[in-house]
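The letters A, B and C name the chains in turn, as written, and every chain counts its residues from 1.
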Amino acid sequence: MNYNTLAVRRDGRILHVDFDNPPLNLMTVEMVGELFDLAGKLVFDQETSVVVLGSTHPEFFIAHFDIGDIFRALNDPDVPQSKYADINVVQALTTMWEALPQVTIGLVDGICRGAGLEFLLATHMRFATPESRFCFPEASSGFLPTGGGTTRLALQIGPARAREVLLSARDFDGTEAAAYGIVNRSLPADDICAYVDDLAQRLATRSAGTVTAVNQVMAKVYNSALDAQFSGFAVENDAMRTLLAVPAVQQHLRQLAELQDVDHELDLPASITQAAAATAAK
Amino acid sequence: MNYNTLAVRRDGRILHVDFDNPPLNLMTVEMVGELFDLAGKLVFDQETSVVVLGSTHPEFFIAHFDIGDIFRALNDPDVPQSKYADINVVQALTTMWEALPQVTIGLVDGICRGAGLEFLLATHMRFATPESRFCFPEASSGFLPTGGGTTRLALQIGPARAREVLLSARDFDGTEAAAYGIVNRSLPADDICAYVDDLAQRLATRSAGTVTAVNQVMAKVYNSALDAQFSGFAVENDAMRTLLAVPAVQQHLRQLAELQDVDHELDLPASITQAAAATAAK
Amino acid sequence: MNYNTLAVRRDGRILHVDFDNPPLNLMTVEMVGELFDLAGKLVFDQETSVVVLGSTHPEFFIAHFDIGDIFRALNDPDVPQSKYADINVVQALTTMWEALPQVTIGLVDGICRGAGLEFLLATHMRFATPESRFCFPEASSGFLPTGGGTTRLALQIGPARAREVLLSARDFDGTEAAAYGIVNRSLPADDICAYVDDLAQRLATRSAGTVTAVNQVMAKVYNSALDAQFSGFAVENDAMRTLLAVPAVQQHLRQLAELQDVDHELDLPASITQAAAATAAK
């Protein structure tokens, strides 16, 4: 399992998967492909019972989707993209991860925005440091999270808080992410790795019968939400096509692409404001 | 847009709507009519993208529904009232506000009880100061919130906390309202206006495409809850007719109507106890 | 109402039911029978409007289901057990309590694990001291909560936190139980009894019309979740039969049964680790 954008390490029945795409841990088309490949292997991997998803980068879990790749996907027929009207590539990827037979744990100690947060919402449980920063920046650039994130956020934290997070496009920290129910709990940076390691070790000893039965109960309980989830995906997908075709949105994203470096990404909301001003000045 | 019970002020694409019905900001039949009128205009108002709902009164967001108007509505054929079995006037009003194409924000810094809390639960996002006080006092007078509030509370915060809030009829503060998920978050009194202003300014720049798509995802995700919502409304509505016809409830409300002043409203639960004792003494 | 495992005391319209099965307040087959008997009486008891469920024991609310009785139920045809494929005895018991016309309040000041937590999740509102300890230990012994607890937890607190609680099998305190939405709120040990007494007194004065209408709204709002609940129960029930028949699970439970005393129960997760090691050493 050698990947260019993922560092994968086995520890018994636990697989540690760290996003490893410096300098920003952008989610790229390549990373999406590798995450599909890994998920495909996990479906048939009976040796792995727990997957811990983290980052090799001290500051970024995942910055967001690579804007350059968004344009390439829009314009280049050779870039893989969804052929279906109702579900797109990132929605399919996150749904595949959500449906894995293993228990997946997201461990966030850094910046987790856009597609990074969309991916996190598809993990089975999530922990974050209080200093971590989360954001769905899409609305401030004229679109919305379209990799399943708009729908999953609404399903998971209710409409009032979901609308706020989606439309404000503000940064918020790990403490608030826990209060809003986006992560299970927040844990101090000094403790989080030991805590998640210990949890993963314990989960790795659970019998297949227990894990399967818990997964089946979850499926029964949330079965009625599945239709809602896929209906939401279809709206996201449709909006993605429409909004990314808007010239002003494309112009804004081109400005933003030029600011896609560590300095500007640390305070992304401010950089988006800067890009918006540059776009408006044209 | 001149109203007797609402102070309306435009700031670009933001409309500030402050409840302004001194001395208690009671929700009256007149206010309901004005809120219908305003909502009707907003449906076709493409200049307004955000509505901030607050109060001109330092102590009251909305005290509750005017008890005098409840009796007038029961007895006076000239007072407008629901002609339908399954939905009443306040349920229709809150549903109309809930369905507005604009983003609505509730800002509570004071007392928000009864119909005020019912209205708040129909806004798209809500913020409150820690010192604010919330209450559904209805159960202590022999009825229950019947303007959509019983149903929306159950849908939004789950049965265990909803039953407690509804049946205890206790006052609770903004910190607890946030912990129970009734408001998005609580913010210090010194900060809340600046925070909500800044949020509203940012929301006002969101593209119509983004807001519409987010609203559509919400609709898809919560579509299955709509049947539940209207079924709940029908039960509320039926209970309203039955319970407000009970002589002891009417007697109690008449006692309470005499205490409908600022002093007694500051500690409404205590005043209700006093009214109940006076009713029992007869 | 004389029971061997329940101390029942009437205070006007309030019935105080304290689990009273020293030394551990284990839920036994006898206690299940007495809880069915009491629920059956409450269905027709129009004098009781509130039921407060607590414990006579300073340290244990309910330790968990008696392991000895699990084996007796498996092997002894004279022990009452479910004759139905889709619902078992404890699922039926908790559903019967959940559906009572009275308002039920759980008051936890101590250890509440396994079947105790399953029962608590079926009460209408719940309060706990910060020092209380909660746990679903089942996964660490190779099975899962099968008295409705897996399903109710998923329905009540969402999949991410439910999976963590179920699969980690870790102890957590009352503060976290409140943060996760498992109890309504946590209250200091010095205040909780007075708080719940005062609440119960107020609830006892609520009119039957109000309580019935609130219950009907809840039923309408959560009607669509009922199918999910019973589907979840069927999976639990099926997993119970399968997993309790696994020789390694039975061997582990026999080891654990020998540690079923106050000292070992205070830190049950550690005792389970000890039992697992003993089982592995064989």
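We take it that a contact is a pair of C-beta atoms (placed from the backbone, for glycine too) under 8 Å apart; a residue touches a chain by one contact, two chains touch by 3 or more.
Quick caveat, the model's predicted, so the values are computed rather than measured.
*Asks:* For the copies chain A and chain C, give the interface type as same if over half of its residue numbers appear on both sides, and as different if under half do.
*Replies:* different
*Asks:* What rotation angle, rounded to the nearest 5 degrees, superposes the C-alpha atoms of chain B onto those of its identical copy chain C?
*Replies:* Rounded to the nearest 5 degrees, it is 120.
*Asks:* How far is the middle of chain A from the middle of chain C, if each middle is the mean of its Cα atoms, in Å?
*Replies:* About 36 Å separates the centre of chain A from that of chain C.
*Asks:* Which positions in chain B touch two or more other chains at once?
*Replies:* Residues 224 of chain B each touch two or more of the other chains.
*Asks:* Can you list the chain A residues touching chain B in their complex?
*Replies:* 138-140, 142-144, 150-151, 154-155, 158-164, 166-170, 176, 179, 224-225, 227-229, 231-232, 234-236, 238-239, 242-243, 246, 249, 276
*Asks:* Could you list, by residue number, the parts of chain A that touch chain C in their complex?
*Replies:* On the chain A side, the touching residues are 103, 123-126, 156, 178, 181, 184-185, 199, 202-203, 205-207, 209-211, 213-214, 216-218, 220-224.
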